[in-house]
Amino acid sequence: MLAELRGLNEECGIFAVWGHEDAARITYYGLHSLQHRGQEGTGIITSDGEKLAGHKGEGLVAEIFNEQALSGLKGEAAIGHVRYATQGGGGYENVQPLLFHSQTGSMALAHNGNLVNAKLIKSILEQQGSIFQTNSDTEVLAHLIRRSGEWILKNRVKHALKQIEGAFAYVLLTEKELMVALDPQGLRPLSLGRIGDAFVVASETCAFDAIGAKFIRDILPGELLVINDNGLHTEFFSEHRNEAICTMEYIYFSRPDSNLHGMNVHSARKNLGKRLAFEAKIEADVVTAVPDSGVSAAIGYAEASGIPYELGLIKNRYVGRTFIQPSQSLREQGVKMKLSAVRGVVEGKRVIMVDDSVVRGTTSKRIVRMLKDAGALEVHVVISSPPITHPCFYGIDTSTKEELIAHNHTHEEIKRLIGADSLTFLSTEGMLEAIGRKNAGKNCGQCLACFTGEYPTELYPDTLQYYYQK
Amino acid sequence: MLAELRGLNEECGIFAVWGHEDAARITYYGLHSLQHRGQEGTGIITSDGEKLAGHKGEGLVAEIFNEQALSGLKGEAAIGHVRYATQGGGGYENVQPLLFHSQTGSMALAHNGNLVNAKLIKSILEQQGSIFQTNSDTEVLAHLIRRSGEWILKNRVKHALKQIEGAFAYVLLTEKELMVALDPQGLRPLSLGRIGDAFVVASETCAFDAIGAKFIRDILPGELLVINDNGLHTEFFSEHRNEAICTMEYIYFSRPDSNLHGMNVHSARKNLGKRLAFEAKIEADVVTAVPDSGVSAAIGYAEASGIPYELGLIKNRYVGRTFIQPSQSLREQGVKMKLSAVRGVVEGKRVIMVDDSVVRGTTSKRIVRMLKDAGALEVHVVISSPPITHPCFYGIDTSTKEELIAHNHTHEEIKRLIGADSLTFLSTEGMLEAIGRKNAGKNCGQCLACFTGEYPTELYPDTLQYYYQK
Amino acid sequence: MLAELRGLNEECGIFAVWGHEDAARITYYGLHSLQHRGQEGTGIITSDGEKLAGHKGEGLVAEIFNEQALSGLKGEAAIGHVRYATQGGGGYENVQPLLFHSQTGSMALAHNGNLVNAKLIKSILEQQGSIFQTNSDTEVLAHLIRRSGEWILKNRVKHALKQIEGAFAYVLLTEKELMVALDPQGLRPLSLGRIGDAFVVASETCAFDAIGAKFIRDILPGELLVINDNGLHTEFFSEHRNEAICTMEYIYFSRPDSNLHGMNVHSARKNLGKRLAFEAKIEADVVTAVPDSGVSAAIGYAEASGIPYELGLIKNRYVGRTFIQPSQSLREQGVKMKLSAVRGVVEGKRVIMVDDSVVRGTTSKRIVRMLKDAGALEVHVVISSPPITHPCFYGIDTSTKEELIAHNHTHEEIKRLIGADSLTFLSTEGMLEAIGRKNAGKNCGQCLACFTGEYPTELYPDTLQYYYQK
Amino acid sequence: MLAELRGLNEECGIFAVWGHEDAARITYYGLHSLQHRGQEGTGIITSDGEKLAGHKGEGLVAEIFNEQALSGLKGEAAIGHVRYATQGGGGYENVQPLLFHSQTGSMALAHNGNLVNAKLIKSILEQQGSIFQTNSDTEVLAHLIRRSGEWILKNRVKHALKQIEGAFAYVLLTEKELMVALDPQGLRPLSLGRIGDAFVVASETCAFDAIGAKFIRDILPGELLVINDNGLHTEFFSEHRNEAICTMEYIYFSRPDSNLHGMNVHSARKNLGKRLAFEAKIEADVVTAVPDSGVSAAIGYAEASGIPYELGLIKNRYVGRTFIQPSQSLREQGVKMKLSAVRGVVEGKRVIMVDDSVVRGTTSKRIVRMLKDAGALEVHVVISSPPITHPCFYGIDTSTKEELIAHNHTHEEIKRLIGADSLTFLSTEGMLEAIGRKNAGKNCGQCLACFTGEYPTELYPDTLQYYYQK
């Protein structure tokens, strides 16, 4: 399961609103529905037309904001951010949106994604005298905007966007304008909606449902939106656009009630599961899911195979940041947390265990063991994606090549290592078909880099080194 | 759904361990797995053979205990409690276990259930000079034990237990002994297990799985266990025992991975759903559950009816106690929290919505509306229990008779009030059969009071008045 | 200095108000001015004529109460308490006022003092079936009131007060009445004032100044006040009254701006210092005080002796409960906290160091060393009270006899142990004269027990044992 | 009293240590002793030779740091900061030390003082593309260092220091070096000490006493110290040095146990009081101080005049940041906080009230009224400094010219406005003589700008505008 390895960088959630009298509150509820994209930190910055005001902190949306904090955020425009834990980048300073003051005005920026040439740009800017106070890619864009020779802010921003490469979805707020930009590959999801007369932008469409907004359209790869009191203006900042949205958003990251490019995520996952049943053809007694990300695929698998779907694994909802981990000795005595196998369901049964992905394999191994300890006769692991053989440089942390179990081991070895009685990965073709992409070639519209090693952008020495040598 | 109406009293979770070197930690993990039974407050009290030490507070297990607090709880015996919000009884004072000191020794008590003659006993004791500092029924038992004329503690406890009536599962810890008692009807679940040489007791068997303990047997109605360094001793404190376990434990309250009287709760609920499909026979496109308590029944319904099971409703996991509720104005604009309908799944579909129960009907109405707003063509509400027509006096708060929608309205009226296209309740017979009780009569072993008005214990004027006039 | 040894029991501060529309707030400011009497915990309970409401917690007044908490405390009557750290009695349960509910009404109680027969009474009550949930003497009175056979509350209270012995100042609040009682020796200070039409009661008169109230008179030994909507009614509950107010209130405990029996505490202390100068006749260059309790006496000493008063010792005001104590190794390197000697003032000087008292001698020794390290040529310790040779049973913790340096050692030994060049204690006669008591005999109106061993009340085996054997 | 008007800028405390195995802890205790210089925020950054680590927050030293935080700060070098509340500059971002990362290494900076050309420099740097994330002058220096064309860090720092003007005391820490710089006027105090083999630097010498360090010497105006593993190296970065230390450090800001230029602050203040007695010649009964900053002067006044010194005003030590201010209505009823007059001392007396300074006059007026309400027959206000007629641009906030009562009003008017029976300011000559400066001319070594309007540095339009128009 992919969740096991998160922690490096910058799969986050962003939200923006322009023209709503309750801008801060709308952003609060919007961010709350994007909470699954990042639980480490969150912030909101509003503009009342004269100045920007903000509040942020490390923790959940519901923990960081209270009535008093929200009441202090006045104005009809706002941007917000929820942030994932990152290895090198904990700490209050890195919580977004970042706010930059200058004598000619202020600017707030929030970012979802990961640049592949950030380190290179930082080196050059530092040699020119710039000072960086955070580790985030967001600050890189701010410096590029500041240093652009252009006079009009929109042109400064375009000039800056042309220099960065990788996955990025930005929202930028000044006293007078909201700007929204998506990288030329459209690697991260980003959508536009309306609530009354106000515009809203969110990483996932589930945020629109949460606030009662209407979905308008997805932001296009390479698009720059400018929203101000004159309305919405759009243009492209890049001539080289080739859509390649992250496939993991379908498989693992997005919420089941979001739509990606018009397709409902739960339905996509259910399709993945159906297709998997078609490819796997396993004889078994029950289908069970690794919650939560395997649930939809398991339902699909059960439906297509006719094998009953059961709650064979239960997740404890109350594991929070302050939970005390069991000692090694207690763990050996069998103390569990977070996940437990339901003996009454799996005992004496041949179990199909559906998960979204295998990264290092350690979590899969632990769950297989748990099911067997609870009496499962056989455990057949079926994975609703192909083997992950290459690292991601665009923000979904699948760590270094060496840690990827599918990079170093054969199918048979992985099966043995995780202790499964059988192991099935979904084929790339099956996956693409399930999510509605007929064309399985290079221009399928999806980023398949972690499965195939074909990266949709250029890579840079620093980036490669970072991931391979760490 | 029953969750809408909790708030009066005392459906809680209890845990106890005797003879384990990490007693406090084992209790911590045990309580953590019982967290769904009460999120309002929690406490642990340990005995090191010489004295009792405790820690408690208002909040979740993971919030109240940290390393320092657990380290201070020394000894090989412990009892713990998680507590439900109660109307009249918030506040630190009411968080259990309660600890009573006297010059001859200390005693800690934790309780799950609700006494029907507590108020009467309190009146009498106060006239005799007793002072009560909490609103909890636990304190009543402590006073009765103290005032008993018997010399041996076990006899004092037996003498006290005979005087109380209603639903109760008690754990009692002194410096030298652990006692465990269950009411003569066995209204609340309570089980015995072993971990290594240690004995453990828990409200639900899922706690045994969480700590790696082995299930031994359920505590019997009217049983009093005494566990000390001489081992385990058991006897009955009551001659009039007639098993009547709360049926709502199967339908709504217990965790799906627990077993009740040998039956897995998920499986029981799936059976309820299957039976419901058999009784309902609705034509529809998708089956969806009101999460979380409707999930298992919905899976069963889908399996039996052949209609696909889908995630048509998504629950936001991050709604905590500090969440800011949307204002009326925002709510009217469509701001939601906690639950949202998945447009991509329900739009243009005839939807079967499976829920565990209907209490006041307001929640069902809200969800039906939500599904229709998301484009559902029809919404068929199917409920995996019979109509609730009578209040519960044993700890599951179904409030006063007047507030129960099924007390005041016909089936047709309820359907119209909640806006459903059809409404199906499970029959009492179907329900009993699904949970493995063949005998649908008075001695079926289940408490059916909220469905039938036949209460398994005597009732008292105070109790009745409290529920009817409030 | 006496501060070194606090920690056993119950020197606290109490406050009450009747008939003020802002009763909770008035109590908040009153308690705040009594904060020096106890920093461990605080609480306020109000009556709105119909029911009692309260808020309490462990910490300072300004920490425990916020706007929200105060807003919840409605009504025109209130009682409040600040509480000293106690060895056996930490924890939320012991924070006062205590609140007792019964079916015939509620009662809140707060207490300053220490009973000498509490343990005895507890034994008897427990044998009769009472349960105690706190360690505080306050609960003893509550039980006695409850068990009294009288019908009228005032008579029940009188009946209860007659049974307890020791130092006690009680305020008791019901829905309809405020009662105030002082022990027959008047060991603790307690005064009555008015603010507008409202009555106020406080442990010290400085609370009246803080809230703009007018001092009316001191509560008399053995007096019971009843204040309700009919006004103020007074009577005596004891026939055996012999005034013996704690002398340490003058020397150490009360705030300099309070008046005790009509005498300003700062002036009393200054007199003690003057008298000390008269008795000591030391040649020196500077007079310095151990802050804060030695300041007034040092000023008096300087004035009478003609030797300049200087700030030779400075107290760090920012040492709070969360301060991290220096490790042994750092302490040996000279890391200090709380108190530091001013080299610029004492270097090369013969220093007179004025302190209020010597208990175990360890603090005096540390300060003498500190002054010498800072370059003082000579350090002459002068103490504004006689040697403490006997333990206090009335609430000022001077610990067991064995720990009292003056119990075990000669004057010369103490001087040598603390490293002073000379050591002067004030004579008992000098002390009494300085605080305005001409008669130095048994009926001087002061409790001198800690200096003379003559206790103004009976003592009980339990009490004695507790202090001597612990 | 000056305390009434703090709030604009940057009178803070700094501390540094190099070569001590407990560097973070030593800094903790050092900062704790400098807490009076700033209670708003605090931080520590350490170097272990390889990298910098830090912890900071808004609050007191004892609140922000716990064992866990200190344990994370490894290394033998550290710098720390305590920060004053500032109008425009609240918030976590502005808490120092600031930490700047670059690909060639990290740098931490802490600052006490106020630059007069910061705004001008910021404008220029922003035009060149720099981004500022805080409002603090500290960041200005960081940018200047980064942009210097020099290769060696020391030279970069020197180059940067030459461009800034105003009051500044900086400590700068890299992985390998500690640098310390003081402005060419030496406006802020800064001293060098040793503890064992380690070097320490602190804003005030009281920090040396607190940690057991030995005072070596004051840092000289215009000096730059570089401390690294080769030892201590010193040079001057400016050719134009003219000592002008802030006189308010003697009168109000520093702790009484610190030494400034070899003179003990308490002794200096006592001299101010003696000189005031000589200049004032008032007939009165008691001398009392406005605590705490007036205490030493009052003692000196009493000693020189022969009028007894008394505690006529008491300060409540427990007023913290969370204290609830009394409402207007309660304040009119006489509810006080923080300061109260001692009726027993001042009633019926002619009182001399000694304070350090008069800024807006509102506080003095309040205290005079308080003393009269407590029964003082006459109140004679004597001030241990001359009238403040000009704003300070160097970090001690005396606000805009218009708010200074002595800028707009005659001596007689001020006396009437504050309700005093007489009002005496100390003469400038008397003040200089009292603090040991014989030469009362322009080169007296003191900054007298707030009394005379002669500023020791150039001023800049922005600065002037800021203070005059605000």
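Letters are used for the chains, namely A, B, C and D, taken in the order the chains are written, and counting of residues starts over at 1 for each.
Here is the rule we go by: a residue touches a chain if its C-beta (ideal position, glycine included) is under 8 Å from a C-beta of that chain, and two chains touch if they have at least 3 such contacts.
Predicted model only: the values in this text are computed from it and were never measured.
Asks: Quick check for the class: compute each chain's Cα centroid; which one is farthest from the centroid of subunit C?
Replies: Farthest by centroid: A.
Asks: Which pair, C-D or B-C, has more C-beta contacts?
Replies: C-D
Asks: Using mean CA coordinates as chain centres, what's the subunit B-subunit C distance in Å?
Replies: About 49 Å, centre to centre.
Asks: Using mean C-alpha positions as chain centres, tell me how far subunit C is from subunit D in Å, no decimals.
Replies: 37
Asks: Do you know which subunit B residues sit against two or more other chains?
Replies: In subunit B, nothing touches at least two other chains.
Asks: Considering every pair of chains, which are in touch?
Replies: So, checking each combination of chains, I get A-B, A-D, B-C, C-D as the touching pairs.
Asks: Give every residue of subunit A touching subunit B within the complex, in rising order.
Replies: 22, 25-26, 28-29, 32-33, 35-36, 39, 60-63, 65-67, 70, 195-196, 206, 209-213, 255-257, 259, 263-267, 270, 295-296, 299, 303, 308-311, 314, 316-320, 322-324, 326-327, 329-330, 333-337, 340-345, 374
Asks: Which stretch or stretches of subunit B touch subunit C in the complex?
Replies: Those in contact with subunit C are residues 92-93, 98-104, 119, 122-123, 126, 128-133, 135, 139, 142-143, 146-147.
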